[in-house]
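Shared between the two complexes below is subunit A, which has subunit B as its partner in the first and subunit C in the second.
Now for the complex of A and B:
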């Protein structure tokens, strides 16, 4: 009985294997044919893109330079390729040249195509959003503003930039509100949006947010303020530093202060140079170095003996970089320092500075 | 029917079942990868505005471990220093090279000793000296006692200035935008702790000034088969795991990590053959234990090109080492499978790798032997043997062809229709001999891992440009 069953199952196994193998081979053949078809279709698309580029590149250059205003004739199937080329040029231009290209984009009928692309794949949607921004299609502000609620960072970024191109002043509160609501930003992304907006208006809006945000949002807001590139928030930061007990917030405030290097902030840095948290002391040392005030050299020399490695390094870099104490004096100081860790930190900073000077490089800001 | 014949029938089912389960798992990964590729497909060129050129890209320390790379180190470094990226440093670690690597570096880049504070955060062999280039401010070289690739990476990690570290082989060939591409996941998702890139085969391509100039398929059959094999491994073998955040393997030839997280887990593990995979599995284990919301991800775009071995002996050595590395990584981190903190994705991926990549070659070779012996001895009907062969070839071809299709859908690296036809043909040819012999090599790797034989930096005979890269290549 068992033997018969085994024989029967083995027989079934063979047939299953034969069938599955044949099906797999058939599927492989079909996929292979599909791959070849795709290759041929892609080759056709590449030829079309080359042709569009040959026709449109000189035209875009002429229009941007103000020597022409008419777009070349365009087949409907060529519109996305032409729009991509247009957007690449428009992205690189500003002022009058950008305005002339925007006129050309409207004339070429990119608006309709861009709206159609909004319903397609992510990449095509991004191209549509970008084109609407470049041709300054103000009628579609609500459509673009709605995209600011999308979770996808790339789509959000493109929509924010498009809104900033349509109307930078009106875009500030809309974009800033959403910027503050998200915390998955990288400074590189922020910069790409913020540099299209009026920096002081952004900073003022962020300062408002600073006063009403819960403590756990402060570090993210500080990153936004830093990326805005405007020192307009500094008075608000000074007020916050005076009352904040959160070390992460304090370190962030000092980092922003170091970035703008306003000597009015030196007092905050001096107060924080002995803070119990080493992250705060690191930023305070860096900030004091940036303010480059002679009276702070003694504070930085004290930090050369700090228990934390990073604080010692930053204090040494700040001393060397500030340039308020001569190199010869620092070398003498290094010889006299009783603490070997302090000596190591200062010697290394001096050597790194000498190395950078010898090759004419800017010193690296280490992480 | 005697118990012997019952046993043969049962074994037939077991072998068949294993093959079907194995190939079905790969097909499932294939589907996962297809979904991901299709969601990001469409008009890829439209993503160019996301190319970041601001000075605020996160700075990266590129770690280049080098052991006896005097022949190739200079052009490789010159290419690295030309990467299209706003802020990076290159830290070359000469791991006790004895072929004049340090001399070549000193002369080519005008190295001078730099009394830099060397902070030992992860243990490594004795540092002989730290040098800085007088001609390239972003280049530093560490000369140290020999300790292996992982030890060299740890030495570089200690010296790295920046929050992201990129591990790279001294012989990797990159595109100018490679670093920008592989860093993008860190910009797009702050939870990212590691990102790997796709490695492709450089054999047959023309390389100029350390960069890829023209992409062609290799003429050597072994290298050509490896092109399809790499497509499978890097497309669905890796990308397929990304949606579940369960990527277990990243190539040491080009991967970026958050320095703080690598330091937190103790750096690369010294004394393993697969330090790249081991680190990734350990990161999974450690971060899931901390209940951290993290991402280990993969960039499917081709970012790194490496030379594949063109002779059987070198290929055998490479595959044996890779299998050993895989076994070591899985064994050292076996608690990932059982720990409560491990997510479902990590457990599934770990189980998959243990069953199909770790033990799989033994079962595969046993299956081949069983059918071959059974057929010769008359235990198995010729039809049954033919059915098994058809199934193995059919599913194997289907997987390889789908990898070529994925490549065509998204990357189109091989642009001529004849190249695509060549790859499709190879997808069939590799099933007759190549797959079987690699399974045998992998079995040898398992045996060597079990017996602990032969622990050295391996050397592969290359066509001239490059040296060895230790890594793990799945099917």
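Now for the complex of A and C:
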């Protein structure tokens, strides 16, 4: 009886092992087939991209150079590859060359194809949006403006760039309004949009938003203004700095002022250098260093004894970086300072500057 | 469309394009070839330095973001080496920040343009850099 039971158990174990082995083999075969299929698809896509490139590149570069050329016949299956290639060339160009490429794109029938792509996968939708911008399809402004309400950041950025290509001036308020409403962007992404728009108009529009935005949105707005790269915002910033009691806003304003280094803003930085909030004093010290006015050296020397170490550090860096006081004088000053914290801050900044200079010199020798 | 330099001067002038983006490189090759320049192309900074020292082009058009040897290092090495120190360099960069342009000029770039670029402006700047007056102005660092 016991022997029969043991034999039956062994049979079950063998069957389970065989079944598991068969399943593993089947899974391996399926994975192998899937891998092969994906490789074949990738190879076919690569062949198609190469063929499309061979057919379209001569026409695209000839048109960009101002020579006559007809677009090659567009096969339906080639649309995404051709449109991607077209967009890559258009992305590199501006001026008349871009306009000529836009004409070629319209002649090739990209407008209809791009609209069809808007209803497909995300990557194809982005390709369609990009192409609509490059062929300057102004009739589809409302469609593209609608896409600015999409939550997906990549789609949003592509639509903003397309609108900027259609009409940079009209795009400023539309894009700026939506830009202010989002907080998931990165300055590097924004630069790609903002460089297509008139920077002064963007900065001025964003600066106007400062006065109507709730305090918690102001730091984000200031980062946007900084990314615009235009000092056109400075008059609005000065007005806001004169009335604002919010320390985070003041610190942000001083950071932007330091970025543009307009000596007209030195008075704001001087007023804020003794602000009760250390974040403001840090930015005021940096700003005074950027303005590099000799009369402000005394204010920065006072900050070397600040209660917050980061203020002492920035003040020392500002003094060394501004270059209004010679290195020898700063070294003498460091020896004379009665406050050991102030002495440490200045010594460290002088050493860091000397280190940076030696790295620069070594780099030049290696080169 | 800019015209090639007057008097067929371009026919004897060589331009080295150092650009890793195939599309921009194809565009530059066609534009410069069409304008009458002899064009060589290097897809990275290391090949660019080799071609610059071996071929002694009349002008270099280069990107800043390059594989192996980046644009700033390449500029410094071009300026530090005697055979390439006086070759005018036009930087055509995708980096649009004013700081990058200033840094490129400090590193020895003769002129800077950012992408996207206008071919007409590019050709005009190249013609200007290759004019006898500009060649005399190049100051090796």
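Please note the rule applied: the second predicted complex is superposed on the first by the 322 of 367 C-alpha atoms of A that agree within 3 Å, B and C clash if a C-alpha of one lies under 4 Å from a C-alpha of the other, contacts with A are read in each partner's own complex, and residues count from 1 in each chain.
FYI, a residue touches a chain if its C-beta (ideal position, glycine included) is under 8 Å from a C-beta of that chain, and two chains touch if they have at least 3 such contacts.
Since this is a predicted model, take the numbers as computed values, not measurements.
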item	value
First, second, both or neither for A:16, with subunit B first and subunit C second	first
Subunit B versus subunit C as contact partner of A:191, first or second or both or neither	both
Touching partner for A:353 - first (subunit B), second (subunit C), both, neither	neither
Touching partner for A:124 - first (subunit B), second (subunit C), both, neither	first
Subunit B versus subunit C as contact partner of A:95, first or second or both or neither	second
First (subunit B), second (subunit C), both or neither touched by A:39	first
Which superposed partner A:104 touches (first subunit B, second subunit C, both, neither)	neither
Partner touching more residues of subunit A, whether subunit B or subunit C	B
Touched partner set for A:64, first subunit B, second subunit C, both or neither	second
Partner chain(s) touched by A:229 [first = subunit B, second = subunit C, both, neither]	second
Subunit A positions touched by subunit B in one structure and by subunit C in the second	88, 91, 191, 364, 367
Sites on subunit B touched by subunit A in the complex	1-2, 5-6, 8-10, 12-13, 16, 20, 23, 39-50, 52, 54, 56-59, 89, 112, 114-117, 119, 132-135, 137-138, 161-163, 186-190, 259, 381, 383-384, 386-395, 397-398, 400-402, 404-405, 408-409, 412, 415, 417, 420-421, 424, 427-428
Interfacial residue positions of subunit A with respect to subunit C in the complex	57, 61-62, 64-67, 85, 88-89, 91-98, 191, 195, 229, 363-364, 367
Subunit A to subunit B touching residues, read off their complex	2-4, 6-7, 9-10, 13-18, 20-25, 27-28, 31-32, 34-36, 38-40, 42-43, 46, 80, 84, 87-88, 91, 120-124, 126-127, 130, 153-154, 157-158, 161, 183-192, 227, 309, 313, 344-345, 347-348, 351-352, 355-356, 358-359, 361, 364, 366-367
In the complex with subunit A, residue positions of subunit C that touch it	1, 21, 23-24, 26-27, 30-31, 34, 73, 76-77, 79-80, 96-98, 115-121
